[in-house]
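Order of writing sets the chain letters: A, B and C. Residues in each chain are counted from 1.
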Amino acid sequence: MNLNKKLIAVALGAAFLSAPLHAGASEKELKARMDKMATELEELKAALKASMQKTAELEARQQQIAATEAKNASANSAANTAAITAAATSAATATATSVATNVATTVATDLANSRAEAARSAPSTIFTGYGEINYNRPTKNASAAQADIRRAVIGIEHRFDEKTKMVSEFEWEHGVVSASDKGESEIEQLYVEREFSNGLRGKVGLFLMPVGLLNTNHEPTAYYGVERNFVETAIIPTTWREVGVGLSGDTAFGLTWDAGITTGFDLGKWDATSEEGRESPLGSIHQEGQMAKSRDLAFHGALNWRGVPGLLLGGSVFSGKAGHNTEGFAANDARVTLYDLHARYTPGPWDLSALYARGQISNTEALNATFVGNPTPVPKSFAGWYTQAAYQLLKSGDYTLSPFVRYEQFNTAKSYAYVPQGLGVETGPDEKVTTVGASLKVGEGVVLKADYQKFKEDKSRDRLNLGMGFAY
Amino acid sequence: MRYQPLLALSACVLCAPAFATQYLSAEQAQQLMFPDATAFRPQPLALNAAQMQQIEKLSGLPARSVNWRVVGAYKGDALLGYMVLDDVTGKFELISYAVGLNPDATVRQVEVLAYRESHGGEVRLPAWRRQFVGKSASGGGLTVGEGIANISGATLSCTHLTDGVRRIAAIAQVMLKK
Amino acid sequence: MRLLLFVLAATALLAGCSGGDGGSTPATPAAPVSRLSAAAQLGQKIFNDASLSASGRQSCASCHAPDHAFGPVNDLSAQPGGPNLDTPGFRAVPSLRYMEKTPAFFFAADGTPTGGFDRDGRAQSLAEQAQRPFLAPHEMANASKQDVVDKLKKAAYIAEFRALYGAAITDDAEQAFSRMTFAIQAFEQEAPEFHPYDSKYDQFLAGKVQLNDAELRGLALFNNPQKGNCAACHPSARGADGASPLFTDFSFDNLGLPRNQRIPATADPTYFDLGLCGPDRTDLAGRKDLCGAFKVPTLRNVATRKVFFHNGAFNTLKDVVSFYVRRDTNPEEWYPAGPDGTIQKFNDLPPEYRANVNTAEVPYNRKPGMAPALTPAEIDDVVQFLGTLTDGYQKP
């Protein structure tokens, strides 16, 4: 009896002591919690009383049995009675003990809950990361074989409170970064996100554009194939991030929307003498928050619908001028627009996806006139699409093997603005790439990949790829 | 006291079409799952080694904890079912959820109490959560890709949440089934 | 909800902002002299002061004429100087425009010699470059720095000089001379007439004028790596930071020019002007692989010149461009025949250095019998284009 009262007292004291831990909780929640604990206490008391009664009844019955047995007194009966008495006593004790244990457990659980909840709402910092090491071997040119630490990324997410968090991601590419080495180190994400009371989320900082399937989901464990697909690297410049503000929200029927205003591209960076603009037009003029010219800002909007489990349909649009009213620049009126449509469907073991993306740069006539004779003028439009199918073939313990096939078609210079006297550059055919391979997932954070890529136009690029990737 | 959860619920409804802020409380969840219940009794579980092994075998997952928060829903003296509370990590952050179970250990309902990730909030969609209803640990269909569809862009959250439900279904089958 | 509406409205406003066109600031007209610093104003006076020479008739401006893009006014291979203005020179006068971005001489990471002033890059700054003409016997021919300072003391602006640098400055010839060259440097760096950037090409780059057909074709040939490939050393594109092109990458090249007999020094068959490895420059005498290489000059205002290359070998732009293109396909057009009839290619270099001549880059990577990189019509187009690089273009 005393033991139980002591337990209750301790529980109450601990509960009130733990109240300060609820730093982020509102008064209302505290009150609700206290009410809840009070209710539970009442229930506990009632349960305890009930079991006390039962114990008392048991004792009474036990005494009756003992008395009756004693009346019929025989050595065996006495022994039996003693045994029954002992059993009944231990049963009663057990019941009391179990009730006490239950009380203690419940209280302890509640304590644990409160502690856990406190821990959840208290600030916390987590480390995340991912990395890829890739090997490429062109089948027609073995001396160009290359193994590369494609990227090593460390992310730090810090949650200030239930509603506010900071997300950051830092990346190193190609193994060694220095003025004379080929690596690059960069900040991939650096933003603060706040959740408002009606489910709206806002972010400010350097964040990923909600475009396509790969840009916001670019860990090596999230896509098939050793190398990221061409459409989402050459047309959509993954990993594409801008500095600005963004808002996002959900609706009850599965629609997620994103919108924002951010920095855009700088067409003054276009280098007509290099091949960069041909590999990825937007990739060669992105600013990545690097003292980014911001006279011309850009807006973006994205809608993604996941109303049917396993199905995603979505699209996005991005548009902004790229001249920034620069003194002496011939394309201050140029506007970069990119839009994409994508779908992904995962029935059972299948993972099917398709994407179409198209970019346009307007008002480039005067600028391209200054680039005549150079190999890489500014394209008027560039576009690509792909379809991909993957199938979860084998699953054994931790290992999952998923072969896949992808066909993509893209052209980084589908059309050019008019250049007089035929001095412009001819457009070329779309490049068509077929990728066949498989991913072997070890657990959920590690993946080994192998694939073979066949290029329709530039056959010297046919290659075998092997890769290891991880994400945590 | 009884109307408090109701008030909270109606406030959430008014906030729609956007999802209400994060907290569905445990009380709200149990009311949603067992609207006819007259009493909810905490019936926490403590697993022993043998039971944990059974659960592992049934679900294909480690039992993870000894203690589980279970609430029994009663109408009078009749048992309507159970609600088990749990947390799993999504991609980086905790997802708090509750699994409502029928006395025969089939899943009755799944509610997400708190979802903190920036992506993958679609696990809260009724359509996605409905996939769990009526399934049991031994009956199968409680794995992503085999009965539960994935949510594009939130694979880890989906998988961890589905695994959590499957684990709880196994616990129910071993410990609570009548 | 209200918050959402507010945010959307703010969004719309901001988006509107980015669409507006404020109009870029118009090009500033040539600044009046009073906007130069005191040093630069003095520098201008010194630059134009012929009394600072032995002859009393030669100033910097005599060879670097302000109304000829600070370059030569005639077609002489080398301007005469000396006490009587009859001492022959050795190299053609370069333009002094667009020098302010030239770096001091250095070897780039891949070993390429880059930068420096004078045709062999020997001076590390404009001030350093200004020293030698005062003292060279074939130029202003002063006997010493003291000699120059003595003449300075008699100049009309000496009071201004003393006011800026201190009354005692002229007591120390070294100091005074150094201040003089510093003032000249300030003038060359600050005065807008040294970098007007108002050629037809500049306005074309800004999208304000169009090139005519021949000029546009010429630009295309200039840029095309398979045709003229001129932009490889004479870049024509704006920098990523918005800098206007200077048409030089400050590197050096060995073109194997024909020997110009009009320079009197060449009468001595052992005289060779080897640029980076001598004779004017002495610090790279050991680098035999650099013998014969001279600085790539800016092509801005090239159409105002009547004498081209370090040794004044040619007098028309058409010859210049033709030389690049036909040097190796038709060497007989450029070099004399020796006594045995063989064409003496690269005869302005001693035989042991003729291998240094650049024969690897387009357009002078041809062999005899191959077609030249440009046809005569294309050469004319390129010359037309080069005409757009002349400053002071007024849209008609």
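FYI, a residue touches a chain if its C-beta (ideal position, glycine included) is under 8 Å from a C-beta of that chain, and two chains touch if they have at least 3 such contacts.
Note that the coordinates shown come from a computational prediction; the quantities given were computed from them, not determined experimentally.
J.: Specify the contact topology among the chains shown, as one of line, ring, star, complete or other.
T.: If you draw each chain as a dot and join those that touch, you get an open line.
J.: Would you mind checking which chain's mean C-alpha position lies nearest the centre of all protein C-alpha atoms?
T.: Chain nearest the overall C-alpha centroid, as shown: A.
J.: Report the inter-chain centroid distance for chain A and chain B in whole angstrom, where each centroid is the mean of the CA atoms.
T.: Spacing between the chain centres: roughly 22 Å.
J.: With chain centres defined as C-alpha means, what is the inter-centre distance between chain A and chain C in Å?
T.: About 57 Å, centre to centre.
J.: Where the CA atoms of chain B average out and where those of chain C average out, how many Å apart are those spots?
T.: The computed centroid separation for chain B versus chain C comes out at 79 Å.
J.: Where in chain A do residues touch two or more of the other chains?
T.: If we look for residues of chain A contacting two or more partner chains, we find 198, 200.
J.: Residue numbers of chain B touching chain A in their complex, please.
T.: Listed in rising order, the residues of chain B that touch chain A are 1, 4, 15-22, 25, 27, 41-42, 44, 46, 67, 69, 87, 92-94, 96, 114, 116, 118-119, 121-122, 124-125, 127-128, 131, 145-146, 148-153, 155-156, 159.
J.: Could you list, by residue number, the parts of chain A that touch chain B in their complex?
T.: The contact residues of chain A facing chain B are 32, 35-36, 39-40, 43, 102, 105-106, 109, 112-113, 116, 120, 126, 128, 157, 159, 162, 167, 193, 195, 197-201, 213, 216-217, 222, 248-254, 256, 304, 306-312, 344, 346-349, 351, 392, 444.
J.: Touching residues of chain A toward chain C in the complex: what are they?
T.: Listed in rising order, the residues are 180, 196, 198, 200, 202, 247, 259, 261, 268-269, 271-273, 295-299, 320-321, 325-333, 366-367, 369-375, 420-421, 423.
J.: So in the complex, the part of chain C that touches chain A is made up of which residues?
T.: 1, 3-4, 7, 11, 14-15, 17-19, 21-25, 109, 197, 202, 204-207, 210-211, 213, 216-217, 219-225, 227-228, 231, 237-238, 240, 242, 244
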